[in-house]
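Lettered A, B, C, D and E in written order, each chain numbered from 1.
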Amino acid sequence: TELEVSHWWTSGGEAAAVTELAKAFDASGDKWKDSAIAAGGGGAAAIIISRILGGDPMGATQLNHGRDAEELIKAGLLQDLTDVAEKENWREIIRPSSLLDSCTFEGRIYCAPVNIHSPQWLWLSHKAFKDAGIPVPKNWSEFIAAAPALDKAGKLPLAVGQQAWQSNLTFNAITIAISGLEPWKKVYVDKNAEVAGGEEFKKVFEAADQARKISAKGKMQDWNAATAMVIKGDAGGQIMGDWAQGEFQLAGQVAGEDYTCLPGLGVTEMISTGGDAFYFPVLKDAEQTAAQKRLAALIIQKDTQVAFNLKKGSLPIRGDVDLETANDCMKKGIKILAGNNVLPDLSQVISADTMSDLEDLMVEFWNDPSMTTEEAQERFVKVIARAD
Amino acid sequence: MKNLNAKIASIPMIFTALVIFVGCTAWTIYHSFTNSRLLPNNNWVGFDQYERLWDTKRWIVSVGNLAIYGVCSLVISVIIGFVLAALLDRKIRFEGVFRSIFLFPFALSFIVTGLVWQWILNPEFGVQKVLQSLGWENVTFDPLYNPDLVIYGILIAGIWQGSGLIMCVMLAGLRGIDGDIWKATRVDGIKTWKTYIFVIIPMMKPVFVTALVLIASGIIKVYDLVLAQTSGGPGIASEVPAKYVYDKMFNAQNLGQGFAASTMMLVSVAIVLIPWAYLQFGGKKND
Amino acid sequence: MTDETNLVDGPRGPKPKRAFTRRNIFVYGTLLLFAVYYLLPLWVMVVTSLKGMPEIRMGNIFSPPVEVTFQPWVKAWSEACTGINCDGLSRGFWNSIKILIPSTIVSILIASINGYALSKWRFKGSETFFAILVLGAFIPYQIMIYPIVILLREAGLYGSLWGLVLVHTIFGMPIMTLLFRNYFTGIPDELFKAARVDGAGFWGIFIKIMLPMSLPIIVVAMILQITGIWNDFLFGVIYTKPDLYPMTVQLNNIVNSVQGVKEYNVNMAATLLTGLVPLVIYFISGKLFVRGIAAGAVKG
Amino acid sequence: MQSSISIRDLKLSFGSFDVLKNLNLEIGKGEFLVLLGSSGCGKSTLLNCIAGLLDVTDGQIFINGKNVTWEEPSDRGIGMVFQSYALYPQMTVKGNLAFGLKNAKVPKAEIEKRIARTAEVLQIESLLTRKPAALSGGQRQRVAIGRALVRHVDVFLFDEPLSNLDAKLRADLRVEIKRLHHQLKNTMIYVTHDQVEAMTLADRIAIMKGGVVMQLDSPSIIYNRPANKYVADFIGSPAMNFYQGTLDKDNNFRGDGLSLSVTGYPFEEGRVAQNQQVWLGIRPEHIRSADAAQQCAVQMGAIVELVEPMGSDTQIWSVVDKQNYRFRVDGQTEMTEGDSIRIGFDPENLSLFDRDSELRL
Amino acid sequence: MQSSISIRDLKLSFGSFDVLKNLNLEIGKGEFLVLLGSSGCGKSTLLNCIAGLLDVTDGQIFINGKNVTWEEPSDRGIGMVFQSYALYPQMTVKGNLAFGLKNAKVPKAEIEKRIARTAEVLQIESLLTRKPAALSGGQRQRVAIGRALVRHVDVFLFDEPLSNLDAKLRADLRVEIKRLHHQLKNTMIYVTHDQVEAMTLADRIAIMKGGVVMQLDSPSIIYNRPANKYVADFIGSPAMNFYQGTLDKDNNFRGDGLSLSVTGYPFEEGRVAQNQQVWLGIRPEHIRSADAAQQCAVQMGAIVELVEPMGSDTQIWSVVDKQNYRFRVDGQTEMTEGDSIRIGFDPENLSLFDRDSELRL
C-alpha cells in the first residue's frame, strides 16, 4: 500500500536517513511516497496542517514532537496508535520514557518517536585555540575567560547564527549551565515568573550578555555557516545541538583531535531529549490505516533505529541498541542518556506560542546591543507569566 | 429580467467578493477576539489579543518597518518608474531593449529576488568585497547586517523587482498624453523638465493612482522578500507585519494572535483605501 | 538664386545633430546607469551558475567564470535532491505547466466576464461588488489560507488541480477584473449597442465581439497571471498534493535546504531555470504589454 | 397617415435627472423624421429608448401598432446606425453584415442573397472581404447602413451618422441616404446637429430642447413659421436677426431705431395683446440691399461692419443705430467694410414672438 | 508687400515618404493666409515646420527676414493654436496664459497687464480663475488663442482651431478671429477643412495637394478662376458641375448633349490648341432656372431628380441627357422631383480645363 510521508528533512544527511526508512518500508511490501518540504518547521506546519484540515491528508507526517498536535488529536484528526504500541511493547523499549509521554494524550498514544536530539552542546575548535596560543577550555567559564585572547588573535570567540531559534537555543543552554536544574524547571516547567525575575536568572542574563558580546561580530544566518567557522578555526566555539557533529564529520574532523564537544556546556552534564516523531492522520481507507500502523511499528524497530540514526547523527530512542560506529561525542551522549541525566525538551514543556515569544525576545536581545539585561529579563518575565 | 445573464455571469465575482473577501475577513475579525490556537475556536477573550499585539516589540518594529518600506517604495518606485518612462518616451534608440531590461525583474519571484540581492549585498563576497578589493579599503556596504539599514537593503531589492511594472504603467500614461500639449509647451518655450513637472505630471493623475494601487497592494504583502533576504534579521530589525501574521499563525500556532495582527493590517489598509474607493466608485455615478 | 541675397545665407536643411549633446549624454547615461542596476543581479546569476564551487569561493561574484561549467545547470535540472527524490527541477516542471495553463485560462476567463459585466451590463450593486473585489487586492493572503482550506474541503476540491485553479482564480480576480473592466469601459458603448440591435445576447456579444477585441489586455492579464502563478509556491504546496507540486517547491528545497555548503551555482542555475518561462514570455510580448497597459490599466 | 412609431408619455431619468419629460411623438409609416437640437437635449437618449437600448422610466413605445416597451432591441424590427460606425473591427464587411442574420438564425443561402443585394444597393460589393480598418470613413458608414439594411427592418434609426465625415463626403452620403429612403420607403429617424442635413432630408423635423419637443413640422414650416424664438434662432445660418420692441394694438412695432407697421402679418389667433413686449425676427436672406432695397416696404441706411465672402454668396454684417443687421448678398456683389448702404425688408417675411413666453404670435 | 514669412524649397520626409516637396511660399506682413486641402496633404506638417516643431529635411524658413530654420519654436516669434486646444488642464485660465510669460521671465506686473488686455480682447475676463474642464468648447478655444496672443508674437499659426466646435459656435468664433485679425494686424496662417472658413477669413488661400501648393490666390480668384480642375472641384459647395468635351479652334465646345460657343471666355494666353480635350465646369449658382433661364445664352430642358431644401435656398439635382446639373434656387421656389424645367447659363461664368494637365485654359 502506498503511503505519502511528509517531512522537512531535506539536507544531505537527513535525506540519507529518510532513505533508510523508505527502504525498510518498501521492503515490507508497502510503498513510501516521499513528500519533502524545505520550509523549516513553521512553513511546513502550515502546509501539513492545511493538508490535514483539508480532508485529504498524507499517510504520515513529521510534526514537532511536543504539544503541537494536541488540538489535532482533540479534533479527532490523528490516528490512535495505542494498539500498535501495546503490541510492540513501546512502553518497555522506548528510552527515556518521557519520549513516549509526549506522544500520549489522555492515555492514548498518537505518535511514533524516531530519534533524540539534544541541543545543549558547546563545540570548540582546537585550531582556533592553538592559533590564539591558549589551551582548549573545559567548560563555559574557561571559555568566557579565553574569549579576549581569541578576539586578539582575530577569531570570533562565539559563533551564533542570526536565526531566532539559534539565539533561543544558545540562551537556553546557558541557562541550564548557569542556573542549574531547579530554577530552570521552575521557570520553564512551572512557569514561575518570580523565579524568572529573580537573582539566578539575573546571573543567567548577565552570562548571556557576555556571550552576546563575544559573538557580536558574527554575520552568518544559518547554523551550519556558524559551524563551518568553528571547523575552519575562524571561530572559537558554538553552542549547538548534537546535529552539528554531522558537519564536523562531513569535514573529516575527529572528535577530541580537531574539535571538542562539551554536553551541558561542560558545566552540568545534563541534556534534554527533544527529537522527531511521526504522526499518522486519520485516513478513510482501511488498508492505508493498516499500512500506517505497519510504518509506526517499523520506525521503532531496532534495525530501523540503527540505520536511521547513524545516518542522521542523532540518538536512537531505545536503550537496547548498540551503536559501535558512533563517535566520541555520540558516545558521551549515550552515556548521559544511560545515566538518565535527562531533561524534558523545551518544546515539551512550553507551547509553540511561548516558544515563539521567547525566540522573538532572544533574537532581539542577541542582535541589539542596546538592550540591557534588565530590560531583557523584564520582558522574559512577562513572557513566562503569560506562558501556558 | 434583462440583466439575468449578466447576473448569472457575475456569480463567481459576487461569490468571491462576498464569501471569500467579506466572509473570510469577517471570519478573521471574529476569531481575532478568541484565543484560537492551532485550530480556530470560539472562546471569546475580548481585546486580549490586541493588547498583547501592541505590547509586542516585534509587532511595533514590524509596523515601523512597513511604514518605512511602504513610503520609500511608493516614492522611489514612482520616481524611478516615471523618470525611466520619461526617458524612454524621448524617442530614443533601443527603446525596446531598455524597456525589457527594466521590466524583466518583474518576471522573477520575490524568493529569487531576495536570494540574489542577499548575495550581492553580502559583505563577505558581494559589493563591499568588490569595492574593497578595488582599493576602497574602508568602504562598508552591508545594509543587510546593519539593523538600522536593513530595511533599505530590502528596499533595494523590492524596487529592483517592482519598478519595471510602474515604468510600464507610466510609459503607457505618457503615450496617452495629447501630442499637441507637447507642441504647445515648446511654442511657449517651456523647458522639458518644467513641462514634466508643471504640465505632464498633473495630467497623469489617474496613471499615478493606478501605479500607487499596484505598489500598495504589493507592499502590504511584502513577505517573501523579507523571508528570502533576511528572515527578519538581524534580530528583529527587518520584520514586517505579514511575516508576524504568518509566524504567529503557523509557527507559534496562535491563530488568535495572527488574526488580530491581520485585522490591524486590514484596518490600516481600510483607512488608506476606503476614501479612495469612495471617490473612485461611489462619488461619481457616471463613468 | 533670388535677388534678396540677404535671405539666402544662413542655415538650411535640417538642424545639425551632434551625437554627444548634453541632453543625449544625460538621457543615455541615466538609462545605462539604471540598466546596470537592473542587469547586475542577472549577470551575477548567470556567471555564478556557470562557475564551479571552488571558483565561487575564491573570486568575486561579478567576475566572469574562468572555466565555464554547465554542471550546476544539469544538477539543478535533474540531480538536485528533494527529500529522497533526486531529480531536480524536472520533477515539478510539468506540474507547473499543468497548473499554469488551466489557472491562467480560467482566471482570465472569469475576470474578463466580470469586467465585461461590470462595464457593459451594470446592475444594481455591481459597483459595490467591484469595490469589495478591489479592496480584496489588499488583503494579506495569509489570513485566507485556513478558511479557503475549509471551503475547498466542503466543495470536494481540496487537493485537486481544480481546487488550485480556483484559488489562483480567486486571488487573481481583483487586479484582473480591474484591468478588464477598464478596458471594456474603453470600448465604445455604440459597438455594444449595435450588437444588441443585431440580436446578440450577453454571451453572444462577449464571445463574438468583446473577446476578439481584447487581445492587448489579454496579453497584459496573461503576463501578470503567468508571472504570479508560475512563481507561486505557497498555494501550490498548501492546496495540492505532492503529485502536483510545482517547480517552485523544488526550487525552494534546493535554495532553502540547510546543507553543508550552499551550492550557490546550483541555486542560481535553479533560479534561472525557474524564471525562464515568465522571462521568455516577457521578452516575446514586451511591446504588446505596454500597449495593453495603456488600454487597460491607466484609466483610473 | 398610418402610424409607424408612437411614443406615449415617455419619461426617462438618469437618477434624479430627467432627460426626457413626458414626450409624445407619432411617426408615420415611411416618414423621414429628423431630430434636431443642441447637444445634451436628449436626442440620442430618445433614439436609444426607441431601440430598446435604454429602459424607459415611464411611458410606452409602439412600433407598427405593437407595444414594444419591453421587447429586446433585436425584436423591435429596427436597425440603428451610429456616429462612430460601430462596426465589429475583427469581422470582415461581410461578417459585419451577416452577424445580425446569423443571430436570427436566417438560413445561409438567404443570408448570402441579402448581403449581395445590400452590397449592390450601397455599392460596397468590392469591399466585402475587407476589415473595417481598411475602409475609409464614408465606406465604413455605408457598411454601417448596410448592417441595418440587411436585416430588412421597418424602422431605421440614425444617430448623427455623418458627423465624423468631412464636408464633401457628408454631402454625398446625405444624398445617398435620401435616395435610399426614396427607394426603400422605410420609416427613418435621424438625429443630427447639422441643419443642412435636417432641412434636406426630413419629411418632418422635431426640434428638441431639454427633453421636450419644441416643434414638430415640415422643414419649410419650421423654417418659415418657427413656433417659438428658440426654434427660430436655432434654425437658419446665419441666424435670424432679432430686435426687441413693443407691439401696439394697431400692429405698429416700435423698437430701438426700428419702427414699422406689421399689418398683414399672419397672426396665430388670440395671440395679440395691447402693447405687447415682443421680439421681431428677420431672416438674413429677407433683408435686401442696394437696388433691391428700394422696393422694400421698410428701408434704412446702414454701415457695413464685416464682409464674409463665401464664394457663391457673401454675408454682410451691418449696423443701424447700434443694432446688428446680418444679411446675404450674391457672391459677385462688391461691398467693403465701412461702406454706407441702404437695406430694407418686407413685413410679410417677419416673425414675431412674445417676449415672455417666446411663442410665435 | 513686405514678406513676413518666406519658405524656400522646403522639403520634409518621414522616412522615404515625402510629405512636403520643394514647397515655396511667401506670406506678407499682416496677411491672413488659409491653408486648405484634403486630409493628409501636409497642412499640419507645413505648419509644424514653420513653428519649428518639426525639423525640415531641406530648405529654409524665414520669419521677418530672419532665417529661423534652426531656431527653437519659442524663439521664432510665433504662437500656435491647436484643434484640441491643448490647454494645460490643471492650471486656471490665468495660469495657462501666464505660463509662457513666466518662463520667459517677463516681470509680474507686465504679465498681469498683458493678461488683462488679452482677456479683454477675447472677452474671457470672467473665466480667468476657472480651469479648462469648466469651460465650454468655444471658451477653451478662446483661451487657446489668448495663450498665443499674450505672448505678443508676430505670427499666429492656427491648426483647424474650430473643427471641434459645433456649427453655431464655429460661425461665431470665425467672426471673432476675423475681428481679431483686423485689430491686431498680425500675420496669420490658418489651416482648415472648412471652405466657409477659408473663404471668409483669408486674404489669400493656398490650396494644397500631396505636399504641393496647387494655387495661392485671393478667395475670389480661387473661387472664380481656379487654376486647375482639382481646385475648382475642391472649392465650392455644392461642387462645380463638370462636363467632358472637345474645344475646336473656333471656340466651340462639343460634349455629350451640350454644345456651345465659348467666345468671350478669358483664356490664359497660349493655352488653346486644335480640338483640345477639355473639361467644362459651371458652378451651381451660375445655372439659372425658370424665368431667369430665358435670358441665358445657353438654355436647355431638364428633369428635376432631387430637391434639397435648405431653408434660405434649395439645391436641385437635375438631369439633361444623362448628365447631372446641380444648381441652387431661392428657398421660396416650389419645385418637386420629376418636374420638367428649363435651365440655362452664360458662357462668361464657365471654367475650362485641359483634360490631360487639368490646368485652366
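The rule we apply is simple: a contact is a pair of C-beta atoms (placed from the backbone, for glycine too) under 8 Å apart; a residue touches a chain by one contact, two chains touch by 3 or more.
Bear in mind that the values here come from a model prediction, so they are computed numbers and not experimental data.
S.K.: Max contacts between which two chains?
M.R.: Per-pair contact counts point to B-C as the maximum.
S.K.: By mean C-alpha coordinates, which chain is most distant from subunit E?
M.R.: Relative to subunit E, the chain whose C-alpha centre sits farthest away is A.
S.K.: If you average the Cα atoms of subunit A and of subunit C to get two centres, how far apart are those centres in Å?
M.R.: Computed value for the inter-centroid distance: 41 Å.
S.K.: I'd like the Å distance between the centres of subunit A and subunit D, where a centre is the mean of that chain's Cα atoms.
M.R.: 90
S.K.: As a quick test, compute the distance in whole Å between the mean CA positions of subunit D and subunit E.
M.R.: 26
S.K.: Could you tell me which residues belong to subunit D and also touch two or more other chains?
M.R.: Only 72 qualify.
S.K.: Which residues of subunit B are in contact with two or more other chains?
M.R.: 246, 249
S.K.: Would you mind listing the residues of subunit A that make contact with two or more other chains?
M.R.: Each of 46, 53 in subunit A touches at least two other chains.
S.K.: List the residues on subunit C that touch subunit B in their complex, please.
M.R.: Touching subunit B: residues 27-28, 30-31, 34-35, 37-42, 44-45, 60-62, 110, 113-114, 116-118, 121, 123, 126-148, 151, 169-170, 173-175, 177, 185, 201-203, 227, 231-233, 248, 251-252, 255, 264, 267-268, 271, 274-275, 278-279, 281-283, 286-287, 289-291, 293-294, 297-300 of subunit C.
S.K.: If we count contacts the way the header does, which residues on subunit C are in touch with subunit A in the complex?
M.R.: 81-85, 145-146, 149-150, 152-153, 158-159, 237-239, 241-242, 245, 249, 252-253, 256-261
S.K.: Which residues of subunit A touch subunit B in their complex?
M.R.: 41-43, 45-46, 49, 53, 68, 70-72, 75, 162-164, 219, 221, 351-353, 355-357, 360, 363-364, 366-368, 379, 386
S.K.: Spell out the residues on subunit D that touch subunit C in their complex, using ranges where they run on.
M.R.: Residue positions touching the partner: 48, 51-53, 72-75, 78-80, 82-84, 86-90, 99-100, 103-104, 144, 147-148, 151, 159.
S.K.: Can you list the residues on subunit E that touch subunit C in the complex?
M.R.: Subunit E reaches subunit C through residues 6, 8, 55-60, 62, 65, 67, 69-70.
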